[in-house]
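Below are structures written as structure tokens.
What follows is a pair of complexes built around chain A, which joins chain B in one and chain C in the other.
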Partner chain A sequence: MDILAEQMYRENIMDYYKNPRNKGKVKDADIEFRDNNPLCGDEIEITVKLDKDKKIAEIKFDGKGCAISQAAASMLTEKILGMKLADVKKIKKDEVLEMLGIPLQPIRVKCALLGFKVMEGGIFLYESRKR
Partner chain B sequence: MTSLNTKRIREDFPILKIKINGNTLVYLDNAATSQKPRQVIETVREYYEQYNSNVHRGLHKLSERASDEYEKAHEKAERFVGADNGEIVFTKNTTESLNLLAYSLGEELKKGDEILLTEAEHHANLVPWQQLALQKKAKLKFAKVELEEGKIDAEQFDKLVNKKTKIVSVTAMSNVLGNNVDVKKIGEIIKDNSDAKFIVDGAQGAAHRKTDVKKLGCDFMAFSGHKMLAPTGIGALYGRKELLEKMRPFMYGGDMIKKVTFEESTFNSVPWKFEAGTPNIAGAIGFRAAIDYLEKVGMESIEEHEKELTRYALKRLNEDERIEFIGSSKKRAGIISFNIKGVHAHDVASIFDQHGIAIRAGHHCAMPLMSLYNAAGSARMSFYLYNTKEEVDKVIHAIAHVKKIFGI
Partner chain C sequence: MLEIKNLEVSVEGKKILDNVSLRIKKDEIVALMGPNGSGKSTLAYALMGHPKYEITSGRILLDGKDITEMAPDERARTGLFLAFQYPQAVPGVSMSNFLRTAVNAQRDKPMPVPEFLAKVKEKMALLRMDKSFASRYLNDGFSGGEKKRAEILQMAMLEPKIAVLDETDSGTDVDAMRTIAAGINKVKEDFKTGILIITHYKRILEYVKPDRVIIIAKGKIAVEGGDEVIDMIEEKGYKAFGIDDYEEAQTIL
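Presenting the complex of A and B:
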């Protein structure tokens, strides 16, 4: 499939890339996790503060990398803010890709899912420590 | 005009006619692997269609011919780098050649011995030595890269080498910086001050300029066939014969033995001692055809052609103040690593792809070097004999498109 750059880098992606929502670091975070994509060196860190019901009260991402990885991570933080951890765990990869709503080259899917992978890792670490 | 008849050369490379996203392919990822001319493809095809069989063992016509062609490939590769008979071992690639050395030379390494590399090494010439050093409690040292110029100063080896230095392994041309390293000079300093084995990583160097291992004065040189028009899966290791003869094999099995009893084995002579099992026969024969092709065009002419293209590309890129170089912005061999300020290299490569332009983006298997430049990655274009100035112009055009999309 031919993918036109204009489709891939459409306006809302570029908007999230240039004006990222929820960028930074949450203080006294309950969940803190970072990972990178060894292929390209993209890096994402996600920090989360939970409320007493295990809902995401505050979430921020930090990192550097391509427009796709950074925009996707920013969108993800917006999507899951206020959600229960148990519900966040139910989110499937496809939902994240749908959220972006753009065609991606196979190799760029990894970029798009980096934030999601970091969130998964963070929750896993958080829950295994609690146990 | 450049010194090569690229129009005629391009006719020999069927892949250069294909369309990517509606545009004719512009292949600028030659430092990763080169394209293959039909002369190589046809040679491989002929082997499979006319005399496919195993080497060195069959007493039949096909095997006789396959063995003969395979041995001619050895001789061809030997002559190509100025080695003597028996001094070229066929491997899978540069990585395997270097691992063979780390494994075999590593056996003699003792605690406190030193291994000397440079900061510009590809992971293939770093990780094997790093792991060996950890295992043997040896010390790993690195010669510095002068970042602005992307240069490795040979003189510094004088201070780095000492009696404890047992292995020195240095790239002849960094796959990121595209610099020509003065390995000859480094070799002289090493030999004057130590008994270290001197290894050259020729993955880029040997593919892009005339290389004579005897003139370089190295003990070993690793290189890949697939980066110089040969099929993938064929590489080579040059080693001085007296050293290869003393070294223990890297892999054991068929074809590398003289005599085997239930208790012990005696090994075949070099290079076969290091070529256990059925080798990549088609790859080796294709490698020979690739060298034939390169020699017909002439390595000096290829080097000159790439220099000219690089000069032109640097001039065009320097006109754009948003372009940042990894390494020199003025003088380099045919590998140019750069970033467009404010745009990640992956985004650059994705947009280039739409224009049919194939480049590499990322850390180029040189993460430690990239960290010195505080760069997570870069875009990299690398030239070969079939590339043209028109293709460079297409790159400049694609850069404008990237900037438009990113609003810069």
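Presenting the complex of A and C:
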């Protein structure tokens, strides 16, 4: 990875961390889930409102922790807003890591994927309740 | 099109520009020349909205929109660009961060990083800038040529409708100047940018060919013509146009 790309992706992560998109809590959420990384203390909560086609009509994340965990969660909410739940479930871990754009050490991968994990957990809980 | 109508500009109560009218059309290059202290930079600053330069009468229109009262950032968003004669160093702000912030300020939604990256790489290659440039602080420790390249890089990223280039050739060696000229020409070709190029030297105008040449003296437009004007200045100086020595002309900083 060249120095220019790395620089920009780093700045992009810091931008998401300092100016998070979709931060907060959705009212009357259909999906609500939270999780943390016990080792480093990162916390993420995601709340989602669905429309009648099971598309994500509104999504917010809340939490605290390192820049990677918070930025990745914020990017994830932007990426999946407007998507169908069925399609959200198809998203691979690698796609989430690609959004960050910089190589991560194994311990930081957990941070980067926390939001993704919360979303997975939220969808699972929502679907098992429906049944 | 940028229309400057009967512009009068004062600095600290002193009138510098007097009844200047000028049009720069889309896809047109206008060269602005003139002795030191004639008001060239004053015009550039007044166009961009520098608070020290008070417009006492006249209007500035960009594509028919009156920008006379706008703040500099609004003017920039409307499509006006100024390349500074003396770019300021901003330690702590990286070139890449600055560029991205500037580009995104013009857009409703931020440009995705991969798209931005591809674009900035293309423009940096055009301007023969090393990739390490982007991680340096804006103009901090830049050489004269690097500063001017950085100005043109900003122009290339912002794709303005009208660009005012204030002595972009000064402080550059001949190779840097050619590269800069190529950058200017490419921006014009790609985005049909209208360009007002302020310079003292014929050399840059051999690479960035002006459609018209304007001489400003004592804050007024004195001469308007074509290439022959440039040759005349080069040969005989401004005296050829009945413009005296302006030793005593007040230099405006």
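The rule we apply is simple: the second predicted complex is superposed on the first by the 122 of 131 C-alpha atoms of A that agree within 3 Å, B and C clash if a C-alpha of one lies under 4 Å from a C-alpha of the other, contacts with A are read in each partner's own complex, and residues count from 1 in each chain.
Methods note: a contact is a pair of C-beta atoms (placed from the backbone, for glycine too) under 8 Å apart; a residue touches a chain by one contact, two chains touch by 3 or more.
Treat the numbers as computed from the prediction; the structure is a model and nothing was measured.
*Asks:* Where does A:43 make contact in the superposed view: on chain B (first), on chain C (second), on both, or on neither?
*Replies:* Only chain B is touched by A:43; chain C is not.
*Asks:* For A:105, select first, second, both or neither according to whether it touches chain B, chain C, the two together, or no partner.
*Replies:* first
*Asks:* Is A:11 contacted by the first partner chain B, the second partner chain C, both or neither?
*Replies:* second
*Asks:* Please work out whether A:66 is in contact with chain B alone, chain C alone, both, or neither, and reply first, second, both or neither.
*Replies:* A:66: touches chain B, not chain C.
*Asks:* In the superposed model, which partner reaches more residues of chain A, chain B or chain C?
*Replies:* On the superposition, B touches more of the residues of chain A.
*Asks:* Using the superposition described at the top, list the residues of chain A that contact chain B and also contact chain C.
*Replies:* On chain A, the overlap between the chain B and chain C contacts is residues 2-5, 8-9.
*Asks:* For chain C, which residues count as touching chain A in their complex?
*Replies:* Residue positions touching the partner: 94, 96-97, 100, 113-114, 116-117, 120-121, 124, 131-132, 134-135.
*Asks:* Which positions of chain B touch chain A when the two form their complex?
*Replies:* Those residues of chain B that touch chain A are 21-22, 343-347, 350-351, 353-354, 361-363, 367, 370, 376-377, 401, 405-407.
*Asks:* So in the complex, the part of chain A that touches chain C is made up of which residues?
*Replies:* 2-5, 7-9, 11-12, 101
*Asks:* Any idea which chain A residues touch chain B in the complex?
*Replies:* 2-6, 8-9, 14, 18, 39-43, 64-68, 105, 108, 111
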